[in-house]
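Shared between the two complexes below is chain A, which has chain B as its partner in the first and chain C in the second.
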Partner chain A sequence: MIHRRRIEFEVAGRVVGPALAAFERAKKATRGKRAPKKDSPFGPPLEATRKLKELMTTHYLKGRYADGAVPVAWVTSGFPVEILRPLGFHAVYPENHAALCSVQRLVPELSDVIEKDGYARDLCAYARTDIGSVVSGKTPVGRLPRPDLLCCCTNICQTVLYWYRALAAHFQVPLFVLDTPFIYGSAPAHHQQYVRDQLEELVTIAEKVSGAHATPDELADVVRTAREGTRLWGQCLEQSRAKPAPWTGFDGFFHIAPIVTLRGTAACNDYYRMLRDELADRVARGVGGIKDERHRLLWDNLPIWFDVRGMSTLLAERGFNFVCTSYTNAWAEAGSKIDPADPIGSAVVAYTHIILNQDLPNRLEILSRLSRDYSVDGAVLHSDRSCKPYSIGQIDLKQRLSRDLGIRVHVLEADHGDPRAYAAEQAEGRLTAFMESFS
Partner chain B sequence: MSVAVAVGVDVGSTTCKAVILDGSGAVLASHVEPTHPRIEDQARRVIAALRDQVGAGELPVGSTGYGRKRVPGARALTEITCHARGAFRLVGKGGVLVDMGGQDTKVIRLGPAGDVADFAMNDKCAAGTGRFLEVILGRLQVPWPEVAPLVRGASRAVPVSSTCTVFAESEVISLVAQGEPLDGIVRGLHQSLATRVAALAGREVDGEVFMSGGVALNDAMVEALALALGRPVRVLPTPQLVGAIGAALSAR
Partner chain C sequence: MRTAYIAKQRAEHGRKAVTVLPVHYPKEILTAMGLLAVELWGPPGAPVSAEAGRLQPYVCAVVRNALAFLASGRADAVDAALFPHTCDSIQGLATLVKDFGGWNRPAFVFQHPRGASRASGRSYYLRELRALADGLAEVAGAPLDLGRLRDAVQLHRRVDEARADLLDHRRHLPMDDAALYALLRRGEWLWPDDHLRELSEARATLQPEPVQRGVGVMITGYVPEPAALFARLGEAGAVVVADDYAAVGRRVIRPAAKLDYTDPFEVMAALYWAAPPCPTRASDQGERMRHLVGLYDRSGAQGVIVHEQKFCEPELFDVAAIKRTFADRGAKLLYLEGELETELSGQSTTRIEAFVEMVSAARRSA
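Right after this comes the complex of A and B.
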């Protein structure tokens, strides 16, 4: 049985996924290249986007056949997946899946399923979407594989603790909680020791669940790959220091998927190498993500997944581009600290220093640095109803950024997942007023 | 005689305001009426009527408010920009402008040159707006002209903790049922609202505070706001027309 599942899993990843992609390519080729709309405020579409779709489609397709074939772990976005990969785990990222659901505006439907069971609408939309999807079995990706192990890390929020406990109760599988104490200033030695002890325990548990063992070299290889992937992603983002930025911050929200879900794999790195080269080429040719870049902005917090298109168009039409976001940048920062020479010790540092696990002075430093490095003349801080850890302190951050850097800053109330917690008309009005204040 | 140069239309959630300005930015004619669901028709009619009033032909039009995009042929700008421009035209200096309309409350910081240095608005619901007062005063059967004397005469304020229009309405009903005095409840309502606006204004309220919007016509609210902010609040002349004036200035 396991043997058959394994064959299905490999065929899905190696044959069916690429074949579907080739079919899509062929279909598009026969239709001919669609000319971009003349009145579009955006630059030419990125060639890499097609490859991104292929990569993610194949990832989710493989996932359908993963359980029973390979060990499956469901992990939070800030979990040190590098420790699981050499043991052959297929990693599922419920947050990425929830973002996908949000883009397709499925959150209300999935959330309704568990609101009936008493889950409050005030909970994070990702948590509601994920649990709703698990309970109802509804997903836009066909099927998510059943986990053998659940892994959550408190470096992004405390909600994950209760969210993953709910998953553990549902699936009746072990839950590993990696607890990373919040950083005020810098992490003291005893905090680091505490996290190190947990990571060593994780290795034991993951080996037990998977029945596999990884040599130090195998672990170091994955860490090396993950670090390179993170650096490549960082290089993609850095292309936007150029004027005009070769892509939009909103593009970045979508192209982030591989570094989140496929970090530590060769496919991830191949992809970002290709993307970086394309972006560098656009910079060399002066091609912008929007046609007429007049103002450069920073975005703080997660995107409003279900309205990314509408918002990016609203901005692009007026010559505004989010050239950097603290969210996409987070994936270029923490991972760059991991080190194949010391996988566990460096993971301690990397995964406790996630932006959301740091105090306001640290966050201010990150936002100020990004603002300077990317020469922005304004910032929008998304006060995200679903993500309080990311939204707390934004009034102070706003005051400091505008005072210290002399840039215009606006706090926009919205939600990263649930359109019911979002007033599109009001948000559009506020953003428009913000943009008008530049003239 | 002054020559009409521009029309400004502010289609708000409750009322539609329109002005015609002369070259110096002075209002030659104005009109206020409840907002009609067919905004295009209403805007056309109101503009034509104002033009007839001053004997003007075709004029450039600026629009603002929720219905700004529905005003035919107009240059549409947000209320933030238009209120700022309108207020600056009226006072000629920077400061803090509190605009309380039917569905929005805005706090706009005006730079010394009349630019929008910063702004904050109420959350997406109508808490802390004119609509909130309208609903609850309607429920208490207190007509507008009686509001200010009633509030001033109250011996104490009965705290109203909800700022959600729906919850506050239920809260007020239960306060009435508990035998709390009407004047105290109305004073409590104004205080609750003013505290909320003061929170929106934030910690750093410096410079003069101006007020615009339909709610500025309610003296009790102006007084409650001054108390909450700890500084005088100056109501702009024709507070309801400030947005429309700003729109007309932008049309040129």
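Right after this comes the complex of A and C.
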């Protein structure tokens, strides 16, 4: 049975996924290349987007056959997946899955499933979506593999702990919580030791669950690959320092998927090399993510997944582009600290120094640095009802950014996942007024 | 009242005061260092200053009100603040007021180990205790003395035993719920000896036979606010016979094993893991459900009230499991949600009356 599942898993990843992608390519080629709409405010679409779809489709397709074939771990975005990969784990990212559900506006339906059981709508939309999907079995990706191990790291929020406790109760599988104490100023030695001790416990638990053992060289290889992937992602983002920026910050929200879900794999790195080269080429040719970039903005917090298109169009039509976001940047910063020479020790530093695990002066420093490096003249801070750790402090950040950098800053009330917590007309009206203040 | 008490403690005993955010913290260390802990649960009601506007309305009222209170200068009677990391919002508040204004006196954090009980968590907890003591020495004016810590741990054990006795023999106590909760919550700011004296006086009034005849209910939630809830329950004919408020029952530890006081830090660690499960300490959900069922069964309660503060994530994530657990047992359950109001809404009052009536009817028919 295991052999059959393993064959299905490998076939899905190596044959069916690529074959589907080739079929899609052929279909598109037959239809001919569609010319962008003349009145579109956007630049030409990125060629890499097609490859991104292939990559993620194959990832989720493989996932359908992963359980029973290979060990499966469900992990939070800030979890040190590098430790799991050499043990053969297939990693599923419920946050990424929830974002997919949100883009397809499935959150109300999935959330309703568990709200009737007592989950409050005030809880994180990602958590409600994911738990709702697990309980109902509904998912836009066909099927998610049942986990053998749940891994959450508190470096992005404490919410993930409650979310994964619920998953553990549902699946009746072990939950490993990597607890990263919040950093006020700098991390005391005993906090670092605590994280190191837990990482060593993780190795033991993950080996037990997978029945595999990784050599130091195998671990170092994955860490090296992950660090390279992070570096490449950073290079993609840095292309937007050019004027005009070759893509939009909203594009970045989608192209972030591989560094989140496939970090530490060759496929991830191959993809970002391709994306970086395409972006560099656009920079060289002066091709922008939007046709007429007149104002450059910074975005703070997660995107409004279900309204990315609407919002990006609203902005692009008026010559505004989000050239950098603190969210996408976070994936370029943390992973750069991991080191194949010391996988565990460097993971302690990398995974505790996540933007959301550090105090507000650090956040202000990051936002200020991004603002300067990307030459922005305004910022939008997404006050995200679903994400308190990211949103607390934004009122003060707004004042400080305005004062220190002399830029216009707008706090936008919305939600990263649930359209029921978002007043589109009101938000668009306020954004429009914000943009008019630049003229 | 609290300001006068703080001043009196300072004048008569030379004790400095530390305001402490909810929920769990090693109070024994503060006591051993001669520091009066004055807890800040909001306070209830409307925010006392416009500073609350520095936090979005979807942040819980306890944290928004605390920001307003601290930034308004109303906590200036104390010498320092302690922020135990029991939720993301308190964590955010700690950096907000300390780094961006609102609190310019010493500020300390205490970060609980989160996750399953593993060796790493236990050794971290011990080191975090010592780190807090080292930090507080600056305010206390002297380092922590181990002998005093041992005394403080024992003093807090006596406080806990007294609190447990009152809660466990609730029906024998000639005191209504409102008065009992007022008494128990005075421990949030009284010096432990003073609190123990009041608790002992109440214990002395325990009757050999039950005196509380109302229908028994178990209550769980974050903080027993508004206090008017207990008056409404009493009027409806109910009495709280089992308490699982984070602010009250979940801080009453009943260790199963005998404690060895040789190393007071080790005793504190033993007590920490013997404490009732609490989501703000990231306890296991299954363990918490088993604890609640045990509490419910032992108390003879005939209904459950889940009383939560809006936007309180640690608590809200457990509500579905609580509902499921007690539905499976056929227990009646009432869910109430508030925002730290000083009064209970008419709608909530009606729901309480209906709930108590329903539970009473079920008891009669049984």
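By our rule, the second predicted complex is superposed on the first by the 439 of 439 C-alpha atoms of A that agree within 3 Å, B and C clash if a C-alpha of one lies under 4 Å from a C-alpha of the other, contacts with A are read in each partner's own complex, and residues count from 1 in each chain.
Operating definition for what follows: a contact is a pair of C-beta atoms (placed from the backbone, for glycine too) under 8 Å apart; a residue touches a chain by one contact, two chains touch by 3 or more.
Remember, predicted model here, so these are calculated numbers, not experimental data.
Novice: Aligned on chain A, chain B and chain C: do they clash or fit?
Specialist: fit
Novice: Contacts for A:Ala423 in the overlay, against chain B (first) and chain C (second): which applies, first, second, both or neither?
Specialist: First partner only, chain B.
Novice: With the two complexes superposed on chain A, say which partner A:Pro389 touches: chain B (first), chain C (second), both, or neither.
Specialist: A:Pro389 sits against chain C, while chain B stays out of touch.
Novice: Should A:Glu436 be classified as contacting the first partner (chain B), the second (chain C), both, or neither?
Specialist: First partner only.
Novice: Quick check for you: in the superposed arrangement, does A:Ser402 touch first (chain B), second (chain C), both or neither?
Specialist: First partner only.
Novice: Which touches a greater number of chain A residues, chain B or chain C?
Specialist: C
Novice: Looking at A:Phe23, would you say it contacts chain B, chain C, both, or neither? Reply first, second, both or neither.
Specialist: A:Phe23 sits against neither chain B nor chain C.
Novice: After the superposition, just quote the angle formed at chain A by chain B and chain C, using C-alpha centres and rounding to the nearest 10°.
Specialist: So the C-alpha centres give an angle of 70 degrees.
Novice: What is the minimum C-alpha distance, in Å, between chain B and chain C after the two complexes are superposed on chain A?
Specialist: 5
Novice: Do chain B and chain C land on any of the same chain A residues, and which?
Specialist: 395, 413
Novice: Considering the complex alone, what residue numbers of chain C touch chain A?
Specialist: Touch residues, chain C against chain A: 53-56, 58-59, 85, 87-89, 91-96, 98-101, 109, 111, 113-116, 118-121, 123-124, 127-128, 131, 279, 282, 284-286, 310-311, 313-314, 316-324, 335, 337.
Novice: Inside the complex, what are the residues of chain B that reach chain A?
Specialist: Touching chain A from chain B are residues 66, 77-81, 115-121, 123-124, 202, 204.
Novice: Chain C touches which residues of chain A in the complex?
Specialist: Listed in rising order, the residues of chain A that touch chain C are 114, 117-120, 122-124, 127, 154, 157-159, 161-163, 165-166, 168-169, 175-179, 181-182, 184, 188, 190-191, 193-194, 197-198, 201, 359-361, 383, 385, 388-389, 391-396, 400, 413.
Novice: Using the touch definition up top, name the residues of chain A that touch chain B in the complex.
Specialist: My answer: residues 395, 399, 402, 408-411, 413, 422-423, 425-426, 429-430, 432-434, 436-437.
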